[in-house]
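These are the structures in question, set out in turn.
What follows is chain A paired twice: with chain B in the first complex and chain C in the second.
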Partner chain A sequence: MTNLFNYIERPSLIHRLTGATKLVSMLLWSFAAMLTYDTRFLAFLSVAGIMLFFVGKIRVKDVSFMVGFTLAFLIINTILIYLFSPQHGTQIYGSCTYLTEWTGRYAPTAEQLFYQSNYILKYSATIPVILLFVCTTEPSEFAASLNRIGVNYRIAYSVSLALRYIPDVQQQYYEISKASQARGVEMSKKASLTKRLKAASNILIPLILSSMGRIETIANAMELRGFGKLKKRTWYMARKFRLQDYFSMLISALLLAAALCLNHLNNGRFYNPFT
Partner chain B sequence: MKKLSVKTIVAIGIGAALFFVLGRFVAIPSPVPNTNITTQYGLLAFIAAVFGPIAGVLAGLIGHFFIDFSYGWGIWWSWVIASGVFGLAMGIIARKLRISEGEFSGKDIAFFNIEQFAAHLISWVVVAPVLDILIYSEPANKVFIQGLISAISNSITTAIIGTLLCLAYAKAIPKKGSLKEED
Partner chain C sequence: MKDNKDIPVEFSHFGFKYTAQQDPTLYDIDLCVRKGEKILIAGPSGCGKSTVVSCINGLIPFSYKGEMSGSLKVAGKETSGLGLFEISQTVGTVLQDTDAQFVGMTVAEDIAFALENSCVIQDEMKKKVLHIAGLVNVQDHLHFAPGELSGGQKQRVSVAGVMVDDVDVLLFDEPLANLDPATGREAIELIDELQKKTGAAVIIVEHRLEDVLWRHVDRVVLMSRGRIISDTDADTLLCSDLLLKAGVREPLYVRALKFAGVSLTPEKKPADHELGCLDENDRELVRKWFCSVKNEAPPKRTKPLLEVKDLVFSYEKRNKRALDGISVTINEGEMTAIVGTNGAGKSTFSKVVCGFETGQSGALSFDGRDLSALSMKERAEHIGYVMQDPNHMISQTMIFDEVALGLRNRGAGEEEIKKRVEDVLKVCGLYRMRNWPISALSYGQKKRVTIAAILVLKPKMLILDEPTAGQDYRHYTEIMEFLTDLRSQGITIIMITHDMHLMIEYAERAIVFSDGRIIADDDPAAVITDRDIIKTASLRETSLYRLSESCGIDDGTAFVRRFIACEKEERRSDDKPL
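On to the complex of A and B.
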């Protein structure tokens, strides 16, 4: 329960970057990978992302659990794409090269194979940086960094409020759920679906209604301390930008620019080896 | 933008925390293997209906972002944004309701449920699939069917949990003019 957000404290270059830098770089990198479908660029991002793991001193063992989740997700999605649209690649690349003699709807084509491997590459280009961000950014610094990149401090503060109250809400949920189960509310697979839904609402209603009281209390306490009266506020977790921060943001911005250039050069988002 | 009230800020924070805990730990196992029925949209509909569209959109965005963040399967911007859109749509239309004044009766229940169904359709059958197609170039029929399934299952849970929540909350609040001078 304590390690909900997978933050791993380790002395490394990436840990020393400020939270704002990591957030900006992660966003720019993700946008770069989202924008293009250029195979070479995605492959480069995947390799670079994995290299960064070594820089950040994050080991495979640390993220194996999360990688497992991602792989399951990826496999389900890949299969679904093939089931729903086995000719999607042909539509995108505008040619049709059958790999076998068979030519039905589900016949494997080179284009579909290429499209689906690009789809997988797209994941592997973004997942490593997001995992790295998750592992190297302390959640409370995250709220401070939101304010740093220009988000209104009132909204950044509600992010840190959420982080502060997640463990409390979780604890309260467990207490209410155990108390209800002791009174015979059945939540497991033995009960029917509608019964389970009703049981869930029996637990959720006291949880949420008591949270409404909590909102009142916290809002009053903040009001009394004059929250929101001034234009700015300082953050305990905020740090100053150093040279390395500017440098990593610059590199990420260049990656995004490269993605845009490639889209222009390829006349579209796809790199097409078939024509 | 109008200055956010302190209460809205706190409601966003607590709402996002609740959304996270429900999404992460209160999944009801469904008959289909490996798919869970999510309960958090009933809560989000309620928060949006009581605290307004800004609270709805931000609680949805922040809560969903943290769910993806803690699972580590990558951040699915298309679905995170769709959660925000659901909160926004609920908040905008629900301004007609007066839940925080203790009023939630037969007509309001019907209105609330038609509204939440429409908001789910907008988020999961329009916003999420269109973003999936734009970002990931996924085949259209796949993402629309995925979206339709989530819209239906989410609106069923919202209908049950959201309605019960609004009823319980409205009942706990004394109605306007409920006090009378003694003769």
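On to the complex of A and C.
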């Protein structure tokens, strides 16, 4: 079954960085990519991000599900932008260069095309580092990293706990769906789609009920072992920062600084080749 | 203050009533647990033993609200004046659901959990984790995720996770519930070993008395209806008839000795399964009894119902075959037990039969008809499947609706539904509660609801995954007698189980799975007395076999068979559980 948090253990430079470093770097990098629409900078980030994939020894095959998911989302998003604001590019860049004879509201313009390719580029600058973070950070280190950057440990631990129990819940969903089919709820292709949808919603009730019971047991088990006793806690998996950690964070911070500088130089978030 | 150290847990005139309930759950409990003692708390479901657990570990009053009376001291202080965390420094609890207790992403982190919460520095934590992991023998699995561990290993990790706190009391809530027979025995051995190494007091709450008595316990506290009815050593208790009265099963060999007319006294040490203290007279009595009981051969059935040929199945992304060429024929009216370790293929087999999974190759036919053409719903009209965890099957709020669901899905009329549901609720002992919400039921009662929900469809064959898991002796007998009744009405029954008692008592045929293959298919009494099969399939030999050996009876299989015949006779004559 597909698990979203998909740690892949391989010896690489990126794997050796601490989880907190990767989290901080990923956040700084993403902010940098989000802040600016400078095409040159985004293109650089995209290429750099993909190169990091090689450094981290993560193959496309490993992340195919996530990539497919993002692509689908991106395509829908692109179409929607075009449908709702086909003139957004011309507004931003202050010029209007029609690419065809046609000059209506939905007529393609160079500005809109450029704007939307920048938009796509933004994705390709951000997604690789996020995927890389997901694939190279041990789930166990994740909570510790969140806590390290200042997130309350109770919240940090619940995130990691959710990750711990995702496979269990997936397994449970599967079993419950089989159980209700054994009771005669028809979910095979012999039943109509609406019937099958209704049946699927039936599965959620036992799933939620048994998860609720489970959560209570887990909460009890944690309290019985002193969770929440003190304001702070230590982490078995926490690692000390090393030179390469500081170095990575520094580079990411510089990227963010570069994005801010570019915004200043470009007099705004957009790099304008049209004037 | 010396007393505090010596008596980590002390109840006196203690009572408790849950806020949501009308009557108290515990009355007048007097119980003293001394340092280094090993105590078994036994009793049927609903006797209050789980509430005692919650009181000792502090979940009462901190998580579950209610009224307390009398006094309960942990480490010399009233629990009502302590915090949950303070109590957890003295009492370490291993919950029944070891999956829920496993909160870390890996073994090492889970063991370290309590240390992390106490802000122990990392180096010290690592040292301590390594040490404790060595004690429970999981040191080679420190980086394993919970999914990669067996049930027994998970339990070891749970134990390690509470031991890191250097607790004075280890509290085990139904430690045997989720383990296969051999692993359950290992768990009891582990608990014994740990107690000797750490000197902590051990409290085991469990209704499977015989399994716990595999190792010595100092005292057995027997509870019934919220009161302690006996607090004495195991030998004395086994000589009395209190267990039967309370609804806790006696060890089988003790029952056999009683059948044989051996008069048990504490001096004969009946709690010691080696039975070293029986005298020659007693052994002679057993031999006489053995010869006097007639040997009832299991009936032969010959009309095939389910035929399976060369069935092969493997789960996606796994190379190993979960079912590796299974061929078997289940005859009409048979009551069969399928046994074997976790992962041996028992559950997978039933899933393929019910159509939850599709085999890669092989043929399945039911009543002469090819099963592969039928959807799950169509198969369900012939083969009913009851899952192990009742929570996985329950989707309605009210008991009546839950049982009626299958009929409603089939478009039956409300009048017929009412009649059939009420009938089945009566036989399942749930009629009184028919208008209750399911959330008000105990685990065992929920299990009965799910069995009722399948039975109401009147399938020709019933497959039950661990039908009696989590049930006390009375409910176990009730359900099994009920299944036997169904069988006599012509329904074929397959039970997937870890329970050796269930297998030898109720099944007329045992199919043993190991590594995706069938390694034995025979009379249960023969299977349970075959050392090779027992070892390969991680089963556990029955104490009856040891008794017959110690009495010099060669044919252990016949001895087991005769005992069961005698038990059945007894059940039929004196107590009609339904």
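Methods note: the second predicted complex is superposed on the first by the 255 of 275 C-alpha atoms of A that agree within 3 Å, B and C clash if a C-alpha of one lies under 4 Å from a C-alpha of the other, contacts with A are read in each partner's own complex, and residues count from 1 in each chain.
The criterion applied here is as follows: a residue touches a chain if its C-beta (ideal position, glycine included) is under 8 Å from a C-beta of that chain, and two chains touch if they have at least 3 such contacts.
Worth saying up front: this structure is predicted, and the values here are computed from it rather than measured.
Once the two complexes are laid over each other on the shared chain, residue contacts for A:R183 go to chain C alone; chain B is not touched.
Look at A:I127: by the touch rule set out above, it reaches chain B but stays clear of chain C. Judged by the touch definition given at the top, the superposed model places A:T70 against chain B, while chain C stays out of reach. Once the two complexes are laid over each other on the shared chain, residue contacts for A:L161 go to chain B and to chain C alike. Of the two partner chains, chain B is the only one touched by A:F84; chain C is not.
In the superposed model, A:G150 makes contact with neither chain B nor chain C.
In the superposed model, A:G104 makes contact with neither chain B nor chain C.
Partner contacting the larger number of chain A residues, of chain B and chain C: B. Touch criterion met: A:E223 reaches chain B and chain C at once. Look at A:S30: by the touch rule set out above, it reaches chain B but stays clear of chain C. The intersection of chain A residues touching chain B with those touching chain C, taken from the two complexes, comprises 160-161, 163-164, 168, 187, 203, 205, 209, 214, 218, 222-223, 227-228. Interface residues of chain B facing chain A in the complex, by the touch rule stated above, are 3-4, 6-7, 9-14, 16-18, 20-22, 25-26, 28-31, 37, 39, 42-43, 46, 58, 62-63, 66, 69-75, 77, 135-142, 145-146, 157, 160-161, 164-165, 168-169, 172. Residue ranges of chain A in contact with chain C, taken from their complex: 138-140, 160-161, 163-164, 167-168, 172, 175-176, 178-188, 190, 202-203, 205-206, 209-210, 213-214, 217-218, 220-230, 232-238. Looking at the complex, you find that chain C touches chain A at residues 57-59, 62-63, 84-85, 88, 92-93, 95, 97, 99-101, 103-106, 108-109, 112-122, 125-126, 129, 146-147, 161-162, 165, 351, 354, 356, 375-377, 380-381, 384-385, 387, 389, 391-396, 405-406, 409-410, 439, 453-454, 457.
Interface residues of chain A facing chain B in the complex, by the touch rule stated above, are 4-6, 30, 34, 37, 63, 65-67, 69-70, 73, 80-81, 83-85, 88, 92, 119, 122-123, 126-127, 130-131, 134, 152, 154-155, 157-166, 168-170, 173, 187, 189, 193, 196-198, 200-201, 203-205, 207-209, 211-212, 214-216, 218-219, 222-223, 227-228, 269.
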